[in-house]
């Protein structure tokens, strides 16, 4: 099953011809300097942005008609959890996805339970979102997407701003989750730990796409694209 | 300082119950129209955007600057919200702010919230917007004109809100008009300066960083409606203030109706709703006449606006 | 911050806390209404209504001093009513020499009634927020037929209140850190300071707009289609009906006798 395949010339000048295929079950890191086009790329994956070119997700082309299904199959977790958690309580946020997928009430409750268990935060249903800590918010943010049972998870800077303990917890969580994953990040040590394959994007094109080990060993290449092998987090 | 000094939040008990109910009826009318208009303006984005902007206004009300002798200037925000988002969106935004302030912090009563919404949300937004767009349409769209219009609009919005509050207090017998009017108007003429300065600071900032936002607001729905409403309100108030001096005859409303060209509507129904031009439960006679005329005019103008919008829709033009 | 942003909700396991939020909202409004239509000067009616409130506060396991303390929020507006004793026509009671001001009995009665009404009403509102979590209050509003998109807007505002208040206070702190008060150096003009404050407001506005766009994207990503949906939450139980009827009876009787007497 093909997960993702697209190529296009100018998507808002931010992406200048990106070709990319991800197989089911793969866990891939997306790295590159700021402004390279990482977020733009992500926003194409669930149809929020509409560039020129072809995108297919789980065998479906991404078009207006099947946006609902696409968004249920590709779970995007945005960088700022305060943008992702937009309901007053945790329960309402995690229930949002299944609710809008049109599921029956009991099924929604079940999905919420399972999603919270998966991120290790069951019991948080009645908590008020703005009372949570940064690390807790990040985990709940992932739960809000897991409740839709997507096949693919896309995360934008999941470890940004976390203290070491929360970061460790998040990395362990990502390690456990079975979904196909694409993670955009500056956190090189996490990349080395979790992801076999890395895609380096710079200036709107893919500079390199291959084994993480190989890329991280090539210091010259790293420097060329504004990366460092051992970044602070 | 514990509270933002633009203190127009009327608590419960300070307005009589019948007046409070009238306020809610009028407020709900405006809110209903505001919901529809903003939906047309913003579509799906409406709810998250209005909600976040309401939170913005609330937070912005805490941003202050020193004026004199330990006091500071604050923002109420109705005029600014209208200048950057259009008057109907501003109505919604301020309604949310006032609702949260009343429900969560008990700043402003629950039964009197209708009037609080009108004073701090509707009157401020529409008067601020009307003055701003009036100035820019006459003087042009230069930076100076915009800042001048915004300054005047913001200042006037606070004063008008305060004057309205004074009228409501007087009509309820809580405070005599001869005292409330000068006190509220006077104090808020000063407070309004703080509002005006912060407002032009914000507008000036936006002109530099994202001028297209202000241009968008100018084509927001409600421009014509806003001007109509303000003209209507001013006319109603002027007529009302002078009508007790006229021999108490029913000519007042007819005259207004004539001048604005809908004499046909001036007959029958309104007169029956307010028998003999008085409202039974208010003591002061002159005041009841004033209030009757104002309520009557508001109803008439409401009808006019509904008809006007109906016409516009059938002609296929946008608002 | 100009409000104390900590939650007003006091979690307890009282009967009052467990009432349907619709019941609590309606009861609060009915109470404020009832206090509002009580005729001036019928002091015993106000006392009974006060006692009623105290009893409910007691059952709700809320500290009575808490509501009293927070009721002082109405104090600034009390000034607005202070002219009443001087300006209400009626039986002269006290004359202030030299100023030609008279205080009338009717005026004092009216003033007292206004203040009592305001004081009782605000305490009822405080009790409501102390016994009802905010999301439940919002649900009650939409269940009571308030326009759904308005309630949804208010929900969003509540969610982002603290986020934006934080951003604002960070800006204020940054400004304070760059505003040393040095003796002998003239402070910048009021106009300049006002413009700085205005720029802060403007920048906060832009950030808010951008944030709302990101939130909208996040909503789209989870299937938002413009309709607000939610799961039903509460159903009326016997205790709810009992409370509503007994409250209505009690307050109603007070009014009947107040008007008859």
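When the chains are written out, they are named A, B and C in that same order, and each has its own residue count from 1.
One rule holds for everything that comes next: a contact is a pair of C-beta atoms (placed from the backbone, for glycine too) under 8 Å apart; a residue touches a chain by one contact, two chains touch by 3 or more.
Every value quoted in this text rests on a predicted model; they were computed, and no experiment measured them.
A.B. asks: Considering only which chains touch which, label the overall pattern as line, ring, star, complete or other.
C.D. replies: Per interface graph, the chains form a line.
A.B. asks: Counting contact pairs per chain pair, which pair wins?
C.D. replies: Top of the contact-pair ranking: B-C.
A.B. asks: Averaged over CA atoms, how far is the centre of subunit A from the centre of subunit C? Could you give it in whole Å?
C.D. replies: 42
A.B. asks: Measuring from the mean C-alpha position of subunit A to the mean C-alpha position of subunit B, what distance in angstrom results?
C.D. replies: From the centre of subunit A to the centre of subunit B is 46 Å.
A.B. asks: Once you find the CA centre of subunit B and the CA centre of subunit C, what distance in Å lies between them?
C.D. replies: Each chain's C-alpha centroid was found; their separation is 21 Å.
A.B. asks: Please output the residue numbers of subunit B that touch at least 2 other chains, ranges allowed.
C.D. replies: Expected reply: 48.
A.B. asks: Where does subunit A touch two or more other chains at once, residue-wise?
C.D. replies: Within subunit A, residues 86 contact more than one other chain.
A.B. asks: For subunit C, write out the residues touching at least two other chains, lowest number first.
C.D. replies: Touching at least two other chains: 134, 155-156, 158-161, 163, 211, 215, 219, 224-225.
A.B. asks: Applying the document's contact rule, which stretches of subunit A touch subunit C when the two form their complex?
C.D. replies: Those in contact with subunit C are residues 43, 46, 48, 68, 71-72, 75-76, 78, 80, 82-89, 92, 95-97, 99-101, 105, 108, 128-130, 144-145, 148.
A.B. asks: With touch defined as at the start, can you tell me which subunit B residues reach subunit C in the complex?
C.D. replies: Contact set of subunit B toward subunit C: 1-4, 7, 9-14, 16-17, 20, 31-32, 35, 39, 43-56, 58-68, 73, 75, 80, 84, 92, 95-97, 99-107, 109-111, 169, 173-176, 179-180, 194, 197-206, 209-210, 213.
A.B. asks: Give every residue of subunit C touching subunit B within the complex, in rising order.
C.D. replies: Against subunit B, the touching part of subunit C is residues 1-4, 8, 28-29, 32-33, 35-37, 70-71, 73-74, 76-77, 80-81, 83-84, 87-88, 110, 114-122, 125-126, 129, 134, 137, 147, 149-150, 152-161, 163-165, 167-169, 171-172, 190-191, 193-206, 208-209, 211-213, 215-216, 219, 224-226, 228.
A.B. asks: Using the touch rule from the top, collect the residues of subunit C that touch subunit A in their complex.
C.D. replies: Touch list, subunit C to subunit A: 7, 134-135, 138, 155-156, 158-163, 211, 214-215, 217-225, 229-232.
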